[in-house]
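One structure follows; several queries about it will come next.
As written, the chain order gives the labels A, B and C, with residue 1 at the start of each chain.
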C-alpha cells in the first residue's frame, strides 16, 4: 500500500488529484477498483477510460487533462506502468535453499545464496553465481557458467559449456545448447558434423518456454545483452543476435544468420541461414527473410487474409502473374503503336 | 470381445449382417481382419472398402446398401468409430498410487484415488481432485487447482495459481502458465512487465505435447470447455478461447486475442494480438489473421505451391502488383477514349 | 594430434604441402590457427581463404591449385570435414553407469554397457540394447524397444510401445509417441479417438530438441532409416517418412501424410494431412504443401519480402488478382477486335 504522491515520487513523475489516495495493486482500466492503479497505452482501450473505477490512471499529459479522476502523468505510460507493476509484484523469490534431492557434482561451484529445486542436476565444474534461482527438474551439464541473479525455471536443459550472463531468465522447457543441425551428404547417407561450440547468453537476456537455442558447430551461438526471446522459438547454430533485439513466438532463425541490435522480429517469422539483418529492422509476423537486409525499417511478405471462396479465385492467378505482366506490356505496346 | 448385435445396441444403432459375429478390436479398412471392426469416413479411403477383410464396417446407410459384408449403420461413421474405439481401448489407467519419490508439499490437498508418478513435485496449497493421474517428472507450482479425472502426462509444468477443470488432458512437455511476453521499452533497455495473471483451462480441454499457454499479464488467459489444442502451439497472455474450438499444431496466438466458440483453426496459423474472431470461423493452414473477423466462414491467405522455377518468375511480380493494376486501368481508359 | 599425411590416409585422400604438419583440431577459415584444419564448402566464405592461418584447408582439387598453403584434396570438402571433425571430436561418451536415482522397472531388460542418468524412469518390459546412453530426467514408458548405441538426451519422453532402431539420437525435450490429434465431432462436443498405434524410428534417425512425433491412431507413425529431423518439428499421427529425408526446424506435418525418401523439407514448412510427396522432392522454407507432389524437384510458395510500405500497396492487389486477370483478357479481346 502506497500513497499516490509517494508512488509518483518513486518514479520522479508528477500527478493530478488526491496525493493521499492509497494504492494497493495494478489492474486493467476495465476491471480496476478504487484502490488500484491502471494505465492507458493502447488506443484501442481508450473507450474504457471514461468509465474506469481505477483510483489512479497513468496517462500522458494530454490525456490527463481530459480525464476527471486521479492521474499519474508520464511521457510513456506503458513503461511507467511496467516499473510500478514491478514495485507491486510481491518479491516471491524463495529463501535461498538447496533441495535435498538436487544432484550437484562435487566440482561444481555454487555460490552461497543460490536456490536449487527438487530433482535438479548440476554437472561437474559448473559455476553458479550468487542470487540465482534454479527450479525443479533442471538439467545443467558440465563446465557451464551461470551468472548472478538468474532465474532458471523448471525443466530447463543447459548443455555443457554454455555461458549465461547476469539476470538471465530461462522459462520452463527451454533447451540451451542442443546440437545444431549439421549434416554433410555422403553418397548413401548423412554424416553428422560434431557440434562443438556452445551458446553464450548476454546479461538480461530472456528465453521463452520451450524455446531452443542450438550450440555452435565450431564457434559459438551468441545472444546479446537484453535480448528477449518469446516461446517456441528455434535459434540455429552459430546465429548471432545483437543487443536489445526482441523476437516473438514461433520464429525460426536458421544457422549462421546474423541479426542486428534493436530489431523487432514478429512471431512465426522465418530467417534463412547465412544472411545478415542490420540494426533497427522490424520484420512483420510470419514474413520469410531470404536475403540480407541492409536498410533499417519494416519488412513484410504475407498476403492478406481473404474469405476462402474469394481466395480460391485469386490464388490461382498467383501462378499466372508473370504471364499477366507480359500481357499488360504487350497490350501497352500495341496500344501505343 | 463383443457380438455385433450387442455392440450395435450399446450405440443404439442398427446393423446389417451377422449379429453373432464376435469383434475384438478396431482396425483400418486396409488392414482389418475378420474379428475387427473398421469404418469409412474419409472418401479418399473408399477404394479399400470392396476388398476389406474387416468383420464389420461402420458405414452410412447409403454405403451400407452397396456393401456386401456386415455393416454397422450410422449417420456419422467417424463419431461412431470414436465411441467404439473408446469401448475397446483397454482401460490402462493404473491403480491409484503415489510413487515414493513424489515430492508433495504438506499443505497440498491430494484426493484419495489420485496417481502421482516418479519424481513429480506438487507445490504448497495445490489441490488435486479424485481420479486424476499425474505421470513422471511433472512440476506443479503453488495454489494450483486440478479437477477430477485429469491426465497430466510426463514432464508437464504447471505454474502457480493455474486452474484446471475436470477431465483435462495435458500431453508431455506442455507448459501452462509461463510468463507472458510483456515488455515496455525504456530509453536504453526493455523493462519486464510482471505477469501476475494465471491460466484457466475449462472442463474437457486438451493440450498437446510441448504446447505453451502463457499466464495473463494482469487478468487471466482463459481456455474454454472442450477446447482441443494440438502440439507445439503457442498461446499468448490474456488470450480467450471459446468452448469447443479446435486448433491444429504449431499455431501461434498473440497476446489478448479473443477466439470465439466452435472455431476450427488450422496448423501453423498466426493470429496477431488484440483482435477478435467471432464464433464459427475456420482459418485454413498457415494463414495470418491480422484483423478481427466478424463473419463466420472460412478464411485463407497462403499462395499455392509452385515448382520453384515457375515460382521465381511469378514471385518477382508480386512486388509489381500495384504497378500492374494501375497500368491495366490506364490501358482501359485509353482504350475507352 | 595427427600428421597431415596420416590424416589424409585415414580418409584415403591425397594432400598438398607438409605431410609432417601436426593437426590438433578443426576450426573455421576465419579463426583457424596453424595447428588446425579448416575447409571451404560454402562459396560465401571463399573471401577468407587467402588470409586464413589454418595449417591445412580441405579443398577441391581446383581450389587447391590456387591455394598457397597445405591442402587436403577432396571431391566433397564438406563431407571430408564431417568425417575429420568426428575423428577429432573427443569421445566424451561417459563410462557406462546406471545412476543410483534411476527408477528401472524390474521387468525392463537393460543391456550391460548402458548408461542411465539421474532421475530417469524406465517402464516395465522395456528393452535397452548395448551401448545406449540415456541422460537425466528421461521418461520411457512400458514395452519400448531402444536399439544399440542410441543417445537419448535429457528430458526426452518416449511413450509406451515405441520402437527405436540402432544409433538413434533424440535431443533434449523431444516427445516420441504422444497421442495424435484425433477427434470426431458429435452434436455438442468433441469425442476423442483413442490413439493406439506407436512410433517406429529407423536406424540412424535423429530427432531435434523439443520435436514431437505423435503415435499412430490405429496403425503406426513410421520414420525411416537415416531420417534427420531438426528442432521444434511436429509430426502428426500415421505419418510415414522415407529413408534419408531431412526436415528443417519448425516444420509441421499433418496426420497420415506420406513423405518419400531423399526429400529435403525446409524450415517452417506445412504439409497437410492425407497427401503423398514422392521421393527426391525439395520444399523451400515456409511453403505450404496442400496437394500430393508426384514429380521430384523443388517447390515454393512464399512471396518475397518487401518494405512494408511498398508491401501494403501490392498486398491489397492480391485480393483483386482475378479481377485484374479478367480485365487483361477483356482489353486484349477489345484490342484484337
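Just so we're on the same page, a contact is a pair of C-beta atoms (placed from the backbone, for glycine too) under 8 Å apart; a residue touches a chain by one contact, two chains touch by 3 or more.
Because the structure is a prediction, the values reported are computed rather than measured.
Annotation: the subunit A:subunit B pair of sequence copies touches via predominantly different residues, less than half of the used numbers being shared. Matching CA atoms, the turn from subunit A to subunit C amounts to 120°, rounded to the nearest 5.
Once the centre of each chain is set as its mean CA position, subunit A and subunit B turn out to be 25 Å apart.
Shared interface positions of subunit A, defined as residues touching 2 or more other chains, are 119, 137, 155, 173, 210, 232, 250, 268, 286, 302-304, 306, 315-316, 318, 320-321, 324, 328, 331, 335.
Subunit B makes touch with subunit C in their complex at residues 26-28, 31, 42, 44, 76, 78-79, 81-83, 85-86, 88-89, 99, 101, 117-119, 135-137, 153-155, 169, 171-173, 204, 206, 208-210, 226, 228, 230-232, 244, 246, 248-250, 267-268, 285-286, 302-309, 311-312, 315-316, 318-322, 324-325, 328, 331-332, 335. The part of subunit B that touches subunit A in the complex is made up of residues 103, 119, 121, 137, 139, 155, 157, 159, 173, 175, 178-179, 181-186, 189-194, 196, 210, 212, 214, 218-219, 232, 234, 236, 250, 252, 254, 268, 270, 272, 274, 282-284, 286-291, 293, 295, 297-304, 306, 310, 313-318, 320-321, 324, 327-328, 331, 334-335.
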